[in-house]
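For reference, the structures are reproduced in the following blocks.
Below, chain A partners chain B and then partners chain C, in two separate complexes.
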Partner chain A sequence: MSQPQPRTASSVADCRADFPILEQCISGAPLVYLDSAASAQQPAAVIDAVARYQREDHANVHRGVHTLSHRATEAYEGARDKLRDFINAASRREIVFTSGTTESINLVAQSYCRPRIGAGDKILITHLEHHANIVPWQILCEQTGAELLVAPIDDAGQVELDALLAMMTDDVFILAISHVSNALGTISPIADIIATAKERGIPVLVDGAQGVPHLAIDVRALDCDFYAFSGHKMFGPTGTGVLYGRESLLDAMPPYQGGGDMILEVSFEATVYNELPYKFEAGTPNISGCVGLGAAVDYLQSVGMQRIADYEHELHDYMVAELKAIDGIRLIGQATEKASVQSFLLDDIHSHDLGTILDHQGVAIRTGHHCAMPVMQHFGISGTARASLALYNNEDDVNRLTEAVLKAKQVFA
Partner chain B sequence: MTESPASTEELQDLYRELILDHARSPRRFGRLENATHTADGINPLCGDKLKLYLQVDADRRIQDLSFEGSGCAISVASASLLTDTVVGLPVDEAEAFFDVITRRLTEGRVTDVEGIDIDKLKALDGVREFPARVKCATLAWHALHSALNRQSQPATTE
Partner chain C sequence: MTNEVEAAQQELIDDFSLFDDWMDRYQYLIDLGRRLPEFPESLRTEENRIRGCQSQVWFVAEEKEGRLEFRAISDAAIVSGLIAVLLRLYSGRYPQDIIDTPPDFVKALQLESHLSPTRSNGLSSMLTAIRGFAAEALQAA
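Right, the complex of A and B next:
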């Protein structure tokens, strides 16, 4: 595959041209896509990689001696190597392909925790979590009698660190915490939190669904035990994702699902499970999706994660300043450290009405509870309007957002 | 600038004066003591949630009704208009309204049924241009239908 060309420093803004979907009008106005936290758009490089794979290389992986099967396996395993590099995992054996963050977290709950946990054990999460990092633990608690503990957040939308640290006691079996909140954009200081957890012998799962699109991730520097993320939030295809797991932990875990590909030998008396990471990849995987995810990694690395983070940071500050200047705006989530996500309310207009009015001007935002109902409950609201920025957004988009919000004020005047 | 006048018209058609008025000051809002029928309406997509209280007398007439809950302007206005519409009506007639309104909004089918005067409810017609919002407008009506049929599950728009 041809390697993407490295970009120059000034060119993050030029990335927009790489995303064909953005070249369209909605309701007669050029699309402004501000919902990347829900699902990010794909650059042509990803779309083309998937199409090329489907046209030229597709077959099942790991099982045929024929040429296409070999090519498909190379493409799929090549994507694994790219993802290993992307998050700086020590070994490709630590990269388990899943259908997304949700499956990654469920895998840890059921395979790592369930066999080892019982009544009296505690699972620690925070009030900031997405439902995907709440419900799997509730299910586990029901199954095992373990108890779910929830660390509180403050009114800026940040985890209360002192409280969290105080809750990290001996009976905590695992800490599951999001790197970046999808509803509020809060970046939690997970490196420090993980360091304390290590001292106390508590394993840590990081829900990185919103981390990978915005921040350079180094799982070895973080020293986390599990890091879960989704392909579609990082400009890759839906139905793809990764569970990074520390090799020693993955090794000791039983399979999550049974089937083909995850075994070495099957007889009716006994089955020998395959080695890592295949033990956790039962059945034919999402091969083309993973190929696309690999292409998304190439794309992000060609732009540079640090450069993306810097660009988004600046644009986010601009967006927040512009929104703040609007009379009647209430910003929800004002953490000191934030990714480029801003939730807000306008006057007493329901977020759903705001969403419709903005959409009607070509501006796509997310409205509602963002699969984080406890966060909404903390603020005593049923939902918010949320604008999330990605590398393809620019100041014009922010201006269109504020114009559209002003229009909503007019409609409801 | 980027926006065509037509789009503004559609928005104004959706958020008509009457809709905004009912959304801001919903009629019969609150809990009804002595309710004989209740139903919850939930729109999982946007988190609209309302509860409908009905007092149906021995002659199967809706003596009184009310609703409470939270939602967008469309769902609250629609619930408020609903209470205005069916208060005092026999249950069968209220059901006929359910039928006419849900068809009108979801299928765009405009049927005249004798004895059914939907004049005021035409204020909801604007949602037909906004497919994502039709469910908001029909939520209260589904709750009414389910209350009258004593379904124990909350009505949803799914």
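Right, the complex of A and C next:
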């Protein structure tokens, strides 16, 4: 049997045609979507997979003896197998479906950490984190008396490694760190960081929401204990996500929520919990969403994650160079290793004003604090304009962005 | 009979009808914002801040001889322009006139996209605040 031909790097740009939503005009101009870091668009393959499932296969999973229930279960569990393969987890038991990165992190905070920690224990994060990797730990600290430690960042927007390593002391119960910063695009050297944490016996959770869409992920090579990510950032449906957890850790954790599907036997005297990963999937899951997420994995693998990373890297460098050339621009976040995102400010224009004027030219960017207020505080600003790239963007999009920014400059002159 | 708010609204709509290009409309809005009267630092308090805006907005109301006077400012230019429009329509008016006049200018000036609370740029919150002040003044009277 002949293998499907992988696309060449130069043809990754052709992916644009796979995304129906991009074929529209906004304010009379063809849409330029540069907000994939907030939510990525879905290829027709994902949209169709969800629709087909809804039209032909839907029923509840794991329960029925009838044909549709079998089909639904197969589709749902098939998606789990795809996700396992996608991040190279050792077992499908390590793939817990959640509603997204936020729930994945909360699950670890409440189910792994909460029963085991108390006053005197420390939780280590960095100054780069998204609120989803800050607030669950703050809640945990309030509940248990543990203390939150925050590793500093430098003015390029990179975690200060020496400081982080120095903060990894015996009393640190867990390190929670983002793979890629959503606000600045900084790729943190998590493999090295995890290696040091392992030496010191500190478990590591990686917030991979912005890592998964742009980089090939191998959780076994990384040797992390938890890797959390969202479906909608990787071209899948919203309300889907994954918590990868090392099996030995997941096994030892109590359930996060109680309900149907997460039990083997219920009586009023004693309830026996289901095996992994179902112990953590109480209630009817987002079946159609997970089917779509599985289709997104198929799609990404048909293009090839390494090709996507290479293509985006080139496009990112082009975008940064083009933005840099604009008089009055201030780039926020200039890490050596970055993925697909550039935050910036123009003259003294409020980022919200800039976003409004760009929208009128059909260019969609994100403005504001990007759910990373501490990052903004580090730079002494209230927000930025942020352009983020995905595999469907191309040089034309970047050119339209710079033209739109120049026009905004005129409007506010 | 046309009330003062209605008259001011019609005038505003006529002014903006001169522009057929969105850029000109925005430039005019931004110019209006730049000409807003000085807003004292002492009034930029948490209490006077309108929440739920991506940009910062401070808003105060005062009653003088039966009329409501508003002062406001934002750190964003377009929002400041929206404030200028709101002050032109509603500041120095009778509360009853404010309540009685539907904000037709939003549609006429093609500012609908600014009205959705999810755009969180404050037009919606500011309109709610103005009408709230007017309702309060009427109740107190």
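Some notes on this structure:
Everything that follows uses one rule, which is that the second predicted complex is superposed on the first by the 405 of 413 C-alpha atoms of A that agree within 3 Å, B and C clash if a C-alpha of one lies under 4 Å from a C-alpha of the other, contacts with A are read in each partner's own complex, and residues count from 1 in each chain.
Criterion: a contact is a pair of C-beta atoms (placed from the backbone, for glycine too) under 8 Å apart; a residue touches a chain by one contact, two chains touch by 3 or more.
Worth saying up front: this structure is predicted, and the values here are computed from it rather than measured.
Superposition of the two structures on chain A shows chain C clashing with chain B.
In the superposition on chain A, A:G383 contacts both chain B and chain C. Applying the stated contact rule after C-alpha superposition, one finds that A:H313 touches neither chain B nor chain C. Of the two partner chains, chain B and chain C are each touched by A:D353.
Contacts of A:R400 after superposition: chain B is touched, whereas chain C is not reached.
By the touch criterion stated above, A:G368 is placed in contact with chain B and with chain C alike. In the superposition on chain A, contact is made by A:P30 with chain B only, not with chain C. Once the two complexes are laid over each other on the shared chain, residue contacts for A:K409 go to neither chain B nor chain C. Chain A has more of its residues touched by B than by the other of chain B and chain C. Overlap of the chain B and chain C interfaces on chain A comprises residues 27, 349-350, 352-353, 356-357, 359-360, 367-368, 382-383, 407, 411-412. Contact residues of chain A toward chain C in the complex are 27, 349-350, 352-353, 356-357, 359-360, 367-368, 382-383, 407, 411-412.
The touching residues of chain B, when paired with chain A in their complex, are 1-4, 6-7, 10-12, 14-15, 20, 45-49, 70-74, 130, 132-133, 136.
Against chain A, in their complex, chain C makes its touches with residues 22-23, 26-27, 30, 54-56, 75-79, 113, 121. Chain A contributes residues 27-30, 349-353, 356-357, 359-362, 367-369, 382-383, 400, 403, 407, 411-412 to its touches with chain B in the complex.
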